[in-house]
Structures are given as structure tokens and as C-alpha cells.
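Chain naming follows the written order as A, B, C and D, and within any one chain the residues start at number 1.
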Amino acid sequence: MTRTGGERIRAWALAGALIVATIGAAAWGPGARAADPIRVGFGMALTGGLAAAGKAALLAMEIWAQDTNDAGGLLGREVALVYYDDQSNPANVPGIYTKLLSIDQVDLVVSGYGTNLIAPAMPIMMSRDLVFMGLFGLAVNEQFDYDNYFQIMPAGPDPRLDWSRGFFSLAETLAPKPKTLAIVGADAEFSRNAMIGARAHAEAAALEIVYDRTYPPATVDYSPIVRAIQATKPNLVYVASYPPDSVGILRAAKEIGLKARMFGGGMVGLQYASIQTKLGPMLNGIVNYDFWVPEPTLNFPGINEFLAKYQAVAGDAGVDPLGYYLPPYAYSYVQVLGQAVEATQSLDHKILGAYIHGHEFDTVVGKVEFGANGEWARTRVLLVQFQGIEDKSLEQFTRPGSRVVLYPEEWVSGTLDYPYAE
Amino acid sequence: MFTFDLLANAIVAGVLLGGFYTAVSLGLTIAFGRLDVVNIAHPAFVILGSYTAYMVNAAFGVDPVLAGLAFTPAFFAIGVGIYRVYHASFERRGDESLRGLAFFFGLMFIVEVALILVYGVDYRLVDAPYIGATVSFGFVGVPMRMLVPFALALIMTIALQQYFVRTFMGRAIMAVSQDRLALQLMGADPTRVKQLAFGIALATASLAGAMLIVIGPVEPSMGRLYIGRVFAIVVLGGMGSVGGTLIAALLLGVIESLTATFYGPSWAPAVAFGFLLFALAVRPQGLFGR
Amino acid sequence: MNPPLLQIQDMTKRFGGFTALDQVTIEIARGARFGLIGPNGSGKTTLINCVSGVLAPDGGTIRFDGTDITTLKAHRRTRLGIARGFQIPKPFASMTVRENLAVPLEYAAGARIGPGIEDEVGEILAMVGLEEKAEANAAGLTQIEMRKLELARALAAKPVLLISDEAMAGLSSTEVDDILAILLILNERGITVIMIEHIMRAVMRFSERIAVLDAGRKIAEGTPEEILRDAGVERAYLGE
Amino acid sequence: MAAKAFWPVAIALILAAIGLTQLLANEYYFFAAYVVLQFVVLATAWNILGGYTGYVNFGSAAFFAVGAYCSVALIKAFDAPLPVLILAAGAVSGLIGLATGYLTLRLKGVYFAIATLALAIVLETFITNWDFVGGASGTFVLRPKEVWLFDSYIKFLFAVMMVLAVAAVGIARSIERSKLGRGLAAIRDDEVAAECMGVPTLRLKLLATTISGTLMGVAGAPYPYYVTYLDPLSAFNLSYAVNAIAMPMIGGTMTWLGPVVGALLLGTAQQVATVTISSELNLLIVGVMLVGFVILAPEGIVGLVRKTIRRGRRR
């Protein structure tokens, strides 16, 4: 309680020194001035809950940078990626993008993976009028209504509805027509939105919703939930889930013997090879959304070359070995930006924004055209069904026919096998 | 949509889940209830157990539960090591309440991040012949995926109970925090007894981890979700009673299962923890306390 | 006639199945020097814990200065004037000796920190012989100094009733005499003192009346001479 | 006398912060400094209960999130201005602190720690299911377009957080030097002895949980405007709880300076690490530092520095 004056002064000096250090250290970093290469800046989830996706996306973007530089770069300059780990935490995003823009002075910016990590960057982009390419954000622009936001996930102009359009369009074609629907999903951002869409479709199709519940992501055993669904005897079961719960629900459905005409819909995770090879034949009959599968109808120019490069390095990077789901789109969203720069011969964001709005792009995920809200002008959320899965080998998931496309019409590669179980 | 069939199934599912919760909680029942060592890193070690089982299963195709059993000596050794550090740094200084807690908190974080560094944040699954199979008793279906951990948890509970009641060291462990005098009369060195007990507590994490990955996919930060549940069970079980832990875990499992089935799964965790808060407020000695 | 300062009536305390106190009734007059003895585990400390409010009894009542304090919290009892030392010293380890005394002075005796309090602290420390150690850290004291600190801290609460729980264990005979002298001075100033002690010589010399506890029951009460003659007491201490 | 120097220095710091916002154009520094200052408030708040009173709160994230969500609710309902948000968030979090304390503080200290863990989950479940504030899908919060005196909103937020940090540290410092502070220290050292020396332990502990909770809520109140998109997972992020414990432990829990030093050091290190070493190592460092410090330097940096000074003087 009785400290000497000298010590107090020292304590204050320490505090002062620390504050100076804070400010000084914050300025420190791999900062560089706008130099020769064209710099593309972003934050990406390289640790934390979304790291699996973030790392795969980064790999795809590095392949794009390599491809672009091999072809002579943009505007005759090399491209370089400048990125930081957002740790899957939205709190880090505003800092990262201000650093990218005001200290690293990057020329172009693209988003990190997922709605939660796109949204916190939006106000910064809006205050500086920058073109912002989004990677797998769901309905982000609904709130911000920002003209220069473009999003590469093919959800379509009305993401919530388009997400499950395939599932419900196909349900209409079943004979006899289904009457009842169960909806179940996780207490989290994507699944809540997907469920809203599913409810809207159900209303339009006059389906009776007999079960409509969410569960917490921490659920250990899904049997009680699946049993409760089973008890309502639904014709259709629409699931909006994340990877661990997708597995849990699927296993519980098999164990309990869930009966439904169609089962699946919005299950995240069943697109990943690591999960597919664990579930194997259990997947047969599931209808689920997807963005790209190795079907003949989706054989876009450049996709196979890209996947070959990706798969060659995926093992070392510890990411999804096949890389069908996210990586082609991560490649495409920078590809779109690069094509815009080349076409306009400009790095002026106004010009770039106007160009992206008015043109169609040829990418490894096919032709891409953006609507007014920055989403794909037309939806290309695929509805696929697992068919003929015999064992747990990785190879069979690279074969056409293991996941046939049922919707949209333009890309159909097979027919629906139903009921799921009766 | 209430039916008797659904009720019966919900209770059975809850009991099975409760069995697994018992396995996760027993280590803490020993450490917290018997030794007064508040090891909040215990669930993180359970996840570590899941990963060791996964590693062996993926590399050699060994049954995950057997792998979990094989790793118990390693976990025991880790436990002994941790207790030595804990004792020397905190218990002896009488500083366990603040810094000791922070120590385990940091440990939890280190285990989690170490797993991420080695395995990444992907969900990991295991293969075993019984995963996906179901046995039916009338209209009650029991997934083997849940039944195997349940049976194992029961064996673990009984084995530990017998050990504590029948062996000299077991009785010493039961006495160590409550009855110093009895311990002295038995001629046992409390530090050594606690070291042994903490080793056993951590060894259970290896088995519990194996059960966890049999039940469903596992990722490194999952342990946090169990901290609250596990403490709820240990406290409700009466702090240090093996039988009480079993009953409390079964009760929590059934409550969660009934909530998930009839009310809405969203509220299942809040119901469980609300239960804990309520219990702490009105009956802190646990439901089956002394 | 004035009522007794402390009336303990049918005090009962159980721990699970073990009865630590069984309907103990004791009355202590104002200004008395009262001794409480009994073998290990006979319930002396439990009784003191019930009187000071650390434990809640399962039955019986406690009246202090005529008012029922059975359900009163410990700190309220201290403010009323019941202060105690602990058998195993419980110093505030992060504080200096001076700060240790400041806590009861501020909270129990209602003093404000200021020049006045310094005098009080000095006086109390001088009384117990700790004035040299005023600025020392409490955690670094020797066992004997800690016992003195226990006593000093209880005095800082300005008690009407002082309970000394084995304050002399481990002290040399001159130190025991010192403490006894302090307690006698305090008693002369009007403070009622309850002494729990194993050192028979000290209890017998100090106390006007003595109560004997055995296995949670009061087996005898009387003057030191009566207690020494009591056959039951002898049995309790020496066995059958 | 340094006791008198505190407030002039504090006010000078605030004025310097405001001055900086007018001089320095680069927004990044304000984003980074905001986060560091936010941790100063959180660490200081945690230390009032943890360091001064000896009660460990594992649920700092919950108090912080309640503050943030209280703001979201008031923005959605009334478009309330920031000072109102801060006051309301403090009040609500303080009440929750009081209630938690009331439920558990009559028990052994560790039950309080466990209860705070459980509380975090109950509150997260509640927010997840409360659709008005966005529920599980999260919610967008648009920053006001303009703000008086500042040319960007983040600079304004930075200045606000600076005021809050100085206020929090000031409160902690006053408590430390007051009768209340000595009472809390007595509880930390020995609760039974404190009670027997006339310290109303329950009331003081409740006061400490309330003040601590209030300050944590206050730290969270401006957060929705900072991040502009809030979802339960990030608001209840464990990193808040970890940092709120690690920072005072590393800085030193006995004085107000400890959490400040810890937060400035660890917070800055994390900000720098975010833009340099992009790896899990970043998180590992916090864990290892926490464990290392509690084992090897239980009095933290401040304690170490003091010891060194004392030793130096003796020579």
C-alpha cells in the first residue's frame, strides 16, 4: 500500500512505454508500398472452425495466381496474393481489411469464406467504393444493398429460395404427389436461412409441415430427433445441416430406418470426400444440393485442368482430396476479377464494377453472369442424388454417375431414384 | 405427436447417451470430487483420446475401443506428470483456486491447438463393424453405435467402483481429501495417492474419447461443449461418488433426449444447464450428496 | 440482575450421520474468564464455529447480550462484539501485518483509515509484541508470530467477547505467560474471554469457570477446582 | 504524488486519443487499437472479481456478448444512440453478474467458476433462439453514416473505447485503494477469516460480480458497430474468455496495472500476429504463455518488475 515514489514513476514509465509499443507494433508488419505486382488482398479462415474450407480456397486461389502469371499476368504485371488468417472469427475481419487497404495498399480485394466473414468487411468496401468479390456468402447484400458486391456461389438471385428450389421442384414430380414435409436444421446461420426458403416453397406447394425444429450444433446423438421426425410420418424430409450433424442425422436415419419419399436437401458436408469415404453406401438415395460434380453435363473448359493441379497438391496441404465443392469457385471468383481487369485494362473500381455488372464471364465453373444484387443472375444450385455407391473407396466418387444431377433442367444427367425408403 | 413408442425410444436413447456421459465424467468425478483438483481440461483430454483412437484406427484398422484401451497407460502417465506439475506449482503453495484453475484452462487450450496443428480442424470419423447396425427389442431400436459405448461405460463404472471399495489404494483415494486422519492411519502418502488417482482419472479420458468418436465425428475444439455438461454431472452426482455420477449422467441423458424428442432439440443444452444452475442454487451437495 | 452475556441453549450440530454437538447448554456471564476444554474431536471448535457464525447449528439458540443471534451472519456477530482467533492461523496472506489489522478495524470496529487507526494498530501490536513486524508480510511470519497476529486481529475488532482458540499451542512457557498476561489485561478492561486450550496449566490458572466437552456433550461445568476433582472428566481424558 | 498523477494522465490519454483521430488518417491503427482497448476493459473487469476477490469467471464471453446483444436489441427497437447502448448494456450485464453471484456465491469458489461456464451456454442458447436479434443466423448492424467531430465512425469508436478503458481502469484503481478493495483482498486471502473480521463477504462479492459484469457488458456494447455483423458464435467466442483470464494472469492480478499491461502486451501481440504469422501458433502462444506464467511467475509481469526493482535497490 505504501509504494515509494521512484517505483511509481517507474510503473508509469512502463505503462507509457507499453502504449508507445502498442502503437509502434501495430504499424509494424509485412507492409509494402504499391509496387510492381498487382496485389489481391483478402482475409481467409486458415485456423478455426472454417479452416478446412478456407485452406482449400486459398490453394485454389494460389493456383489461379500461378496460372495468371504463367500467362503473362494482368496488365502486363504479375499478380500477388496478400492474405491474413481471420481465424474464422468475424472480429478480426475489419482490422484485416483496413490493414490490407491502408497499409499494404492492395489493388483488389476479395472476401474470405462464408457469410460471417464477408459481412464485417462490407462497410469498409462501401465507404471506399471498392469492388468486392464474395466467396460463399448467403444473402449478404440483402442488408447492405451495395452495388459493387459480387458473390460467386451459384445460389441465384434469390438465394434463400433458390437454395432449395431443386428439392421442391423435384418433389412436385413424384407420383403420388407428396403431402407432408418435415424440416430440421442446425441453429446456425446457413441452415436457418435454408429453412426459411424451404418453408416458403412448402407453402407455395401446399405441403403440410408436420415437423419444423432446429437443434444445437453440439448435439451428440441425433436418434431422438430422427425418431421424432419419423413419428410424424412425413413424405419429404428436408435437412439443413453442417458436416458433423449431417453425418449424425444420416447415421441415425439408417439405424432407425427413417421412411421418406425424398430425404436430404441442404446437408453441408456430404460434398466432401473425407465424409463420403466414411459413409459409403449409406449415402445411396440421399438427394442433396451441390455446386459441381464430375458429370458429363458439367464438363466446363478448364475445370479438369484446374482439378488436376489442385488434386496434385491437396494431399500435402491436408485439404479435401477431390476438391469439387468449393475450390473451383474460389478459383473462379478471382478469375472473374482478373478477366474484368484485363478487359477494361483498368484497376479503377468504378470501371471494374460496371464491367462485371454488364458482362458474362467464362470461368472454370462455366459461364457466370451477375444480377443486380451481385448474385448469379440465374441459380445453379444443383440437386444431386447419390446412386450406386458400393463401398468406401475414394475412386468411385470421381466417376460420373455416383452423383447424378436432377436439377436444374439444363444440367440434368440422370433420373431420381425414389422413394428413399418405405 | 406424443406416443408411447416415441417415449420409450426417447428414454432408451437418453439412457444410452447417459452411459456415454458417465464415461466422460468419471475422470472428473475422481479429480474434482475426490482430489479437489478442478481439471477443466478433462474434456480436452477426452478429445485427445478420440484422436489417438482415430490415429490407430486409420493407420492399422484397429477397433477404436481397443485402441482407446491400449492408450490408457499413456494417458495415465500424462496424468501423473500433470499432477506433479500441479502439485509442485499450485497445491503446495495453496494457490489452486485461482492460478490452478487458470493452469488447467491454459492446458485445455494447448491440447486443443496442438490437435489442430497436427490434424487440422476437419471432422474425423472411424470405422468399426458395429457402426450403423441396430438391434431391436420390440418397437425399441437400439443403435450399436450407442450401445457399445454404453456397455463399456457400465463396465468402467463397475470396475472403478469395485477398485475404490475393495483395494487398499482405492480406499486411500476415496479418503484422500475427506479424511486425512484415516489416510495417515493407513500409512499412505497423500501426494502419491493423489498422483495415482489423477493418473487413473486421465486414463478414463482415453476410453471415453474412443467412445466419443464411435458415436460421431470429432473435431479438436469439441471438448468445450462438454465442460459444462461434465461438471453438471459431477456436481449433481454428489462430488466424487461413482454411483452418483452414473445416475446423474443417465438423468441428464434422459432429460436431453426427452427435450429433443418432445419439446425441441434447440433447448436441450439450456435445459441441462439450467438444471445445473438450479441445483447449485438449491442443493449444492448434489442430488445424491452426502 | 443482568442476563448472561452469552447464552448457548441446546446447541446441536450434525455432519451427515455424525453428531458433533449434542444439546450443549452453556451460559457465560459478562466480564467472565471462561475455559472450554475437552479431548480432540470433542466438539470445542465446532461449538466456537457455531457461536461465531461460521457454521449454522442444526438445533438450539444463541443469545448474545439478550438478543437472539442464532441466524445472524458471522460478520454481523463480529460487529456486535464477538471476535475470535483461529486454531489454525488464517492470516490475510497477501497483506502486511498492519493491513491485517486494518481489515477488522475498518469493517468491525468502524474506524476510518487515518492517523487514528495507525495509533490503534500500533497499540494492539505493542500489546501482543508484534510492533517490529508491522510492515512484514503476513505470509512470512513464524508460527508463533502468526498466533500472535490471530490474537491481535481479533483485538482489532474491538470485541466485547473474545474467543481464543488454542492461541498458545506450540509456545514456550514464557510466551504462554505473555499471552496469559495480555488476556488478563483485556479481561480487566471488561472484555469477556472464552479460552479453548490444551495447556491445562494455562486454562486452570486463567479461568474462573470451565466447561468440559466430550463427544459433543457437556459432561461437566464448574470452577477449576471442581473440574479437577470431577471423575467424569478424568475418565474422558484418560479413558476407562 | 503518483496517486494524484493518475487522473491528469488519464485525461491526457483520452485527449491524446482524440487528437490522434484528427491527425492520423490511416484507419487500420484505430481498428487494431480498438480491439486492444476492448481487451483492457475486459481484463480489468475480470480482474476485479478474479484478481482482487479470487473468484474465477470463465464466462467473460457471455457478459461481453450480452452487452453486444443488448445493443443490437436497442438498435433494432429504438435506434438508440451509443451512450444509451453503453449504459443499458452495462446495466443488463451487471444484473446478470449479480444474479449469477447470488445463485452461487454462498458456495465454494469453484462452483462459481462452473456456474459461469454453464451460464455462458444458457445465454448463448437463449440468444441463438431469439429471432429479434437475428438468432442463430446472426444480424447485420449498419453504422451511422456520420458522427460529430470524427471523419470516420471507427475513429469515433476508438475514442469511445479509450474513454471506457480509462474509466474501467480508474474504477479498478479506486476499488483497489478503498475499504472495498481491502475487504475484497481479505476475501481472496481467507474468506472465513474475512467474515469473522466483520467483512460482509456475500455483499462484497455480489458487488464485485456486479461491477465486473457491468464493465464486461460495457466493453461489448459498441462491438456490433465495430463488427457490423454479429452472430452468437462470434459474440460468445471462447477467445474472449481465454484472453480475459490470460491477460491479468500474465500482467499480474494484484494491482490495476497488471491487467492493463497484460492486455496491451497480449492484445498487441495478437494484432501483430494476425497480420504476420498466419497460423494456429498464434493461439498456442496465448495458452503456453498463460500456463508458463501461472507456473513460473505467479505474480505476473508487474510482480516480476517490482521484484527486480526491489532487488536492484537493495544492491
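The criterion applied here is as follows: contacts are C-beta pairs under 8 Å (C-beta built on N, C-alpha and C of every residue); 3 or more make two chains touch, one makes a residue touch a chain.
Everything numeric here is computed off the predicted structure, so don't read it as measured data.
Novice: Please indicate the chain closest to the centre of the assembly, with centres calculated from CA atoms only.
Specialist: Smallest offset from the overall C-alpha mean is found for D.
Novice: Mind naming the chain pair that shares the most C-beta pairs in contact?
Specialist: Counting C-beta pairs in contact per chain pair, the top pair is A-D.
Novice: Need the most distant chain from chain C, centre defined as the mean of C-alpha atoms.
Specialist: That would be chain A.
Novice: Compute the distance, rounded to whole Å, between the mean C-alpha positions of chain A and chain C.
Specialist: Centres of chain A and chain C (C-alpha means) sit 71 Å apart.
Novice: Report the inter-centroid distance (CA atoms only) between chain B and chain D in whole Å.
Specialist: That pair's centroid distance is 32 Å.
Novice: Between chain A and chain B, what's the gap in Å when you average each chain's C-alpha atoms?
Specialist: 35
Novice: Taking each residue of chain D in turn, which ones touch at least two of the other chains?
Specialist: Residues 125, 128-129, 188, 280, 283 of chain D each touch two or more of the other chains.
Novice: Residues touching two or more other chains, restricted to chain A: which are they?
Specialist: Correct list: 1, 47, 49, 187, 214, 216.
Novice: Identify all positions of chain B at which a residue touches two or more other chains, and write them in rising order.
Specialist: 116, 221, 266, 269 - these are the residues of chain B that touch more than one other chain.
Novice: Would you tell me which residues of chain D are touching chain B in their complex?
Specialist: 50-51, 54, 56, 58, 103-104, 107, 109-111, 113-115, 117-122, 125-126, 128-129, 188, 238, 242, 245-246, 249, 253, 280-281, 283-284, 286-288, 290-291, 294-295, 298
Novice: Where on chain B is chain A touching in the complex?
Specialist: 1, 3, 5-6, 9-10, 13-14, 16-17, 20, 116, 120-123, 125, 127, 131-134, 141, 143, 145-146, 215-217, 219, 221, 225, 257-258, 260-262, 264-266, 268-269
Novice: Give every residue of chain D touching chain C within the complex, in rising order.
Specialist: Residues 179, 182-183, 185-186, 188-190, 192-202, 254 of chain D touch chain C in their complex.
Novice: Which residues of chain B touch chain D in the complex?
Specialist: 32, 38, 40, 85, 89-90, 93, 95, 97-103, 105-107, 109-110, 113-114, 116-117, 221, 224, 227-228, 231-232, 235, 266-267, 269-270, 273-274, 276-277, 280-281, 284
Novice: Once bound in the complex, which stretches of chain D touch chain A?
Specialist: Checking each residue of chain D against chain A gives 1-2, 5, 9, 13, 26-29, 31-33, 35-36, 125, 128-129, 135-138, 140, 142-143, 152, 154, 177, 223, 226-231, 233-234, 237, 239, 257, 260-261, 264-265, 267-269, 271-272, 274-276, 278-280, 282-283, 302, 305-306, 309.
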